[in-house]
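Heads up, there are several structures right after this.
Common to both upcoming complexes is chain A, partnered first by chain B, then by chain C.
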Partner chain A sequence: MLLDIRDLNIVYRMRNKAIYAVNNVNFSLEKGKSLGIIGESGSGKSTLAMAILKMHNLKNTEVTGQIIFEGRDLLALDEKQFKEYRWTRIAAVFQKSMNNLSPVHKIGTHFEDIYRVHEPDISSSEIRERVYALFHMVNLSPRVYTCYPHELSGGMLQRVSIALSLIFHPTLLIMDESTTALDVITQGQILEEIKELEKVVDVTRIMITHDLFVVATACQQILVLYAGDMMEYGDVRDVLNHPMHPYTKALIASFPSLRGEKREVHSIPGTLPDLSVKTRGCAFYDRCRAHREICRQEKPVVCQTGGLHTVCCHLYGKIRETDVKEGVNR
Partner chain B sequence: MTELTTLLEVKNLKKWYPCRRKNRLFSPGKEWVKAVDGIDLTVNSGEVVGIIGESGCGKSTLARMLIGLEQPTTGEIRYNGRLSTDLIRDDKKGFHRIAQTVFQNPFDTFTPNDRIGSLLMRPLKMHNIGSDSAERRELCLSALEEGGLIPAADFLNRYPHELSGGQLQRISILRSLLLNPAFMVVDEPISMLDVSVRADILAMLLVLCRQKGTGIMFISHDISVIRYVSDRVAVMYLGRIVETGRTDDIILHPRHPYTEALLSNCSTIDPDDQTEVIRIEGEPPSPVGTGPGCFFAERCPKASAHCWRAYPSVTKAGESHEVSCFIYQREQR
Partner chain C sequence: MRRYIFRRLLTAVFIILIVVILNFTIIKTAPGDPARLMAGFDNPSEELIQSITEKYGFDQPFYIQIGRYFKSVIRGDLGDSYLYNQPVARLIADRIGPSLLLSGVSIILALIIGSLLGLYAGKNEGKLIDKIFSTISYFLNSMPSFWIGIMLILLLASHFKWLPTQGMVNVRANYTGFRRVLDIATHMILPVITLVSVQIPTYFRITKSAVMQVMAEDFITTLRVAGMKEGAIFRKYVFKNAVLPIINVFSINLAYVVAGSMLVEIVFSWPGIGVLMYRSIMMRDYNVLMGVYLLISVSVVIVTILMDLVNAALDPRIRYE
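Moving on, here comes the complex of A and B:
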């Protein structure tokens, strides 16, 4: 097991209130099985990713639970011990690569800086050689090494970001909305390249996105988050073809189809609940079409429905009523 | 639905921006960025025309010209048969009652320190719609109710930051519709919004525009959304339209190699979808100094020597399906 997250809770403390951003999230990630985390804004997906990289400011953020990476609990490590992990074994690519690169430095300088920190004795020609190899992996020409960020297009900058994250051949790569800002063709190209990349380097991805398309094309497993709660988890094929949670069903129904039968799309009425109030029942309660009284009273328990597929919903929990009218169908 | 009448007619529309030559000594004269380079297009009233293309293909420049934010270099834009330049010259305010727009980012659309009420009433006041502020208020209230923002009176007193992106985008659309425009350009209206609210915004836009017979030009990256909303689709590449036709003709049976590639790169949410991705290499070439041949030739997997020599003319590929590609010209001969 590469990554095992157990009972993860993340709370942002503010002066007079608290935001419960991630509540009781459990999942595990096997080597080579890339995971897509999907959710709307405010669902806690980026908070979760930041916790894996230990990027939270612990002065005002409470992170409890366990994040077990390659057998060690990352949350128990102090900053000095974690340095061995950050970027060398766990790396990340973020959404706006143009904002992550310094506009006054050449692309090559960014790579040199990172190498110099981690391997102080490395020579410039050695760096150059290794960077060219990385560029080759992400389909960039060596010319880019001496370019400034403004000379490159969005897709190329995103490739630079991916190359930067691969410097030390990490085993876990977190991609936070990393293809969202690109247009269709570039996004398609980069997703294909990432999949190809996996054959060359041994890296497992966690892709955070609000776009089901990305998960469907580039991931093997999917985790659906809503308001910081886990809704459904499982194999991409299982979950997208046979969604069980009303939220997942509704989410799929809100995507128009590209090929095949043209179908009606439906949105989910209502808005995200207030995250500063800890709900007693299901977080999706007031937007759910299949809700019942128990959903307001009790948190649904995680329920395994065969294989990896788990769903967190009272419809499948303790009380399983066959006559429950499922409000939302695909 | 009412009889289809041609609302907007665009003929050979061009927008070239001058740019500085790199080597002015040896090649004097101006060089141009051809953002929009000869577009012919019609939009009927009550019809939704979708525009798709990569970033930088001139979609937004086209939109800006249609609503009078940008002066075309050459070419004509006619609304109901009248030239837009004449319309603007005679009555600039009146022109804005014909063509309106909705922008991408609802969070930037509104002045942050005005209340929704005054933001909605301002266009009514400027265009002398309604005799006094009480009547305008009523108009705004009924518009908000039509848009599903209930209770409407509550919204009038709120500030933009108090509302969610979906609500703001609704208000943005409703504000544009308050003037009863005959034509609306909608530029990526839902790309900033959460997936779960997108469908409602689209439904609201479509219902209101059908009722009022407004013609819409819908610009989006997301081809599945375009498929959902539009009656006809135009595919743009480097400032030119390469293919137009009815939505399903284009999406299910694309003819132009560029459209084929574009569509094959769009993934579906079906993990078993086996559509093979057609890889097109590189980025779109620069719109500066485009050659004599087809602009897509250097990335086209089906290009032949012929394609570098001349730009293909428009060929009919079916009823109301037009494509600019040599492959189909040869077939016809």
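Moving on, here comes the complex of A and C:
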């Protein structure tokens, strides 16, 4: 197992309140299986990613649980020990709004500076040679090395960011909303290129997005988060074809279908609950169409429904048990 | 590059032309008869007023007056002051040195101090030191420059008698050489403190917000995730990105370097352009006023072009197009 996350809780402590950003998240990721983490804004996706990258300021953020990466609990490491992992084994691509690169520095400067973090004595020409090879892999011309970011298109910048993340051949790559700022066509191209790239480079990818299409086309596994709680987890095909959690169902219904019959797109009424209040029951209770009394009283537990597919919903746990007992036909 | 400068200069000439016309029009249409003022206050005779009007051509049609003005300006003749009975060019030339000295020193000091404090506060945003700096900055920002000047005079000059209250040199001493420099420096302390205190908040705020904005950018997160040291990120990436808005504000301020400190000059009786401008406004000394305005607009235009070039050199996104 490459990554095993156990009982991860992340709380942002503020002066007079706490934000429960991630609650009891459990999942594991095998080498080579790409995972898409999906959820709306405020669902804890990026917070989760930042925890894997150990980027939280521990002065005001509580991170508890375990993040076991290649057999070691990252949360137990101090910054000095974790430095060995930074970019060499876990790298990231951020590009929420086309500013993953400093606008006043040349592309090459970024590469040189990051190379020298781990290999201080490497020569500029050596870096250049290695970067050219990376550029070749992501379909960029070597000319890009001396360009400034504004001279490149969005898709090219994205390729540069991907090349930048691959310089030390990391085993885990986190892409946080990295195709969000691109148009659909470029996004599609980039996703295809990433999949091609993964046939050559041995890297496992976690993609954070709010776009179901990105997960559907470029990931093998999916984790659905809502208000910091895990809703559903499993193989992309299983989850998208047979969604179990009412939230996942609603999420799928809110995206238009490309193939198949035309149908109305349904938004999910309501908004995220207040994250500063620790809910007793299910986080999705207020917006759930199928909610019952128990959903407000008790947190649903993880239900294994065969294989990898798990869901956190009373409908498949307690409610089903009582329904079966009482002979209710749902 | 050369074409860019040439084009900018061409626009500059055009702008100055418009400024001259505007100035001339506004001043001429303002109420008050200059001939009457020049004739003195003790019930001047109508003949005297008439002869003054004719001498200076105040009764000529507007286009003839402005045409005449343009012609002489091009020859470098800004006319004579009614008040001082001297060529305007001479008056300005005598006073531009002290003004440049005072404003130049204060604007550079304010830039350095304000942006250093801003960098520090931006880096330590939310901490106690940031709160202290920000509070002081708000205080300074809400005080008018002349008031600070008067308070400083009351406290440090009148009460403690540490520093001279006014002027640029000690007129009784007639120092030469190094002692003269020292004398001027002593006289500069209070006006410079005044001017620096009112300018610091501008640099402080713009620098702080620029730093905070850059620190939140994705590329900073990327460098941090990659393990680059915080200090190195700050020196190389945050600084170079944050410096651009500072340069812009600096160039706007610099444009007023010649006459921007009028009130402070008056408070400290500094023998500069500010005092000259103030007196000519009060006495409707048209030629001097137009001369000073011309000087200000020319310096604003030149400084703007210079700062555009500096900006283009620092920011790769700006090209000489």
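Keep in mind that, in the parts below, the second predicted complex is superposed on the first by the 317 of 330 C-alpha atoms of A that agree within 3 Å, B and C clash if a C-alpha of one lies under 4 Å from a C-alpha of the other, contacts with A are read in each partner's own complex, and residues count from 1 in each chain.
The rule is simple: a contact is a pair of C-beta atoms (placed from the backbone, for glycine too) under 8 Å apart; a residue touches a chain by one contact, two chains touch by 3 or more.
These figures come from a predicted structure and were not determined experimentally.
Undergrad: Should chain B and chain C be called a clash or a fit once both complexes are overlaid on chain A?
TA: fit
Undergrad: Of the two partner chains, chain B (first) and chain C (second), which one does A:L164 touch, if any: first, second, both, or neither?
TA: second
Undergrad: In degrees, to the nearest 10, note the angle that opens at the C-alpha centre of chain A toward the centres of chain B and chain C.
TA: With chain A as the vertex, the angle is 60 degrees.
Undergrad: When the two structures are overlaid on chain A, which partner does A:P103 contact: first (chain B), second (chain C), both, or neither?
TA: second
Undergrad: So, A:F255: does it touch chain B (first), chain C (second), both, or neither?
TA: First partner only.
Undergrad: Check whether A:M175 is in contact with chain B, with chain C, with both or with neither, and answer first, second, both or neither.
TA: In the superposition, A:M175 contacts neither chain B nor chain C.
Undergrad: Using the superposition on chain A described above, determine whether A:L48 touches chain B (first), chain C (second), both, or neither.
TA: Touch partners of A:L48: none, neither chain B nor chain C.
Undergrad: Please indicate which partner A:V131 is in contact with in the superposed arrangement: first for chain B, second for chain C, both, or neither.
TA: Neither chain B nor chain C is touched by A:V131.
Undergrad: In this superposition, which partner touches a larger number of chain A residues, chain B or chain C?
TA: B
Undergrad: For A:V117, decide between first (touching chain B), second (touching chain C), both and neither.
TA: Touch status of A:V117: second partner only.
Undergrad: What's the minimum Cα gap, in whole angstrom, linking chain B and chain C in the superposed view?
TA: Across the overlay, chain B reaches chain C at a minimum of 7 Å between C-alpha atoms.
Undergrad: Which parts of chain A are in contact with chain B and also with chain C?
TA: Touching chain B and chain C on chain A: no residues.
Undergrad: What does chain A use to touch chain C in their complex?
TA: 53, 55, 83, 86-87, 91-97, 99-106, 110, 113-114, 117-118, 148, 150, 161, 164
Undergrad: Along chain A, where are the residues that touch chain B in the complex?
TA: Going through chain A, the ones touching chain B are 40-41, 153-156, 183-189, 191-192, 210-214, 216-217, 236-237, 240-241, 250-252, 254-259, 262, 265-269, 271.
Undergrad: How about chain B: which of its residues touch chain A in the complex?
TA: Per the touch definition, chain B meets chain A at residues 54-55, 164, 166, 194-203, 221-225, 227-228, 248, 251-252, 261-273, 275, 277, 279-280, 283.
Undergrad: Over in the complex, which chain C residues touch chain A? Could you list them?
TA: For this pair, the touching residues of chain C are 217-219, 221-229, 232, 236-237, 240-241, 244, 314-317.
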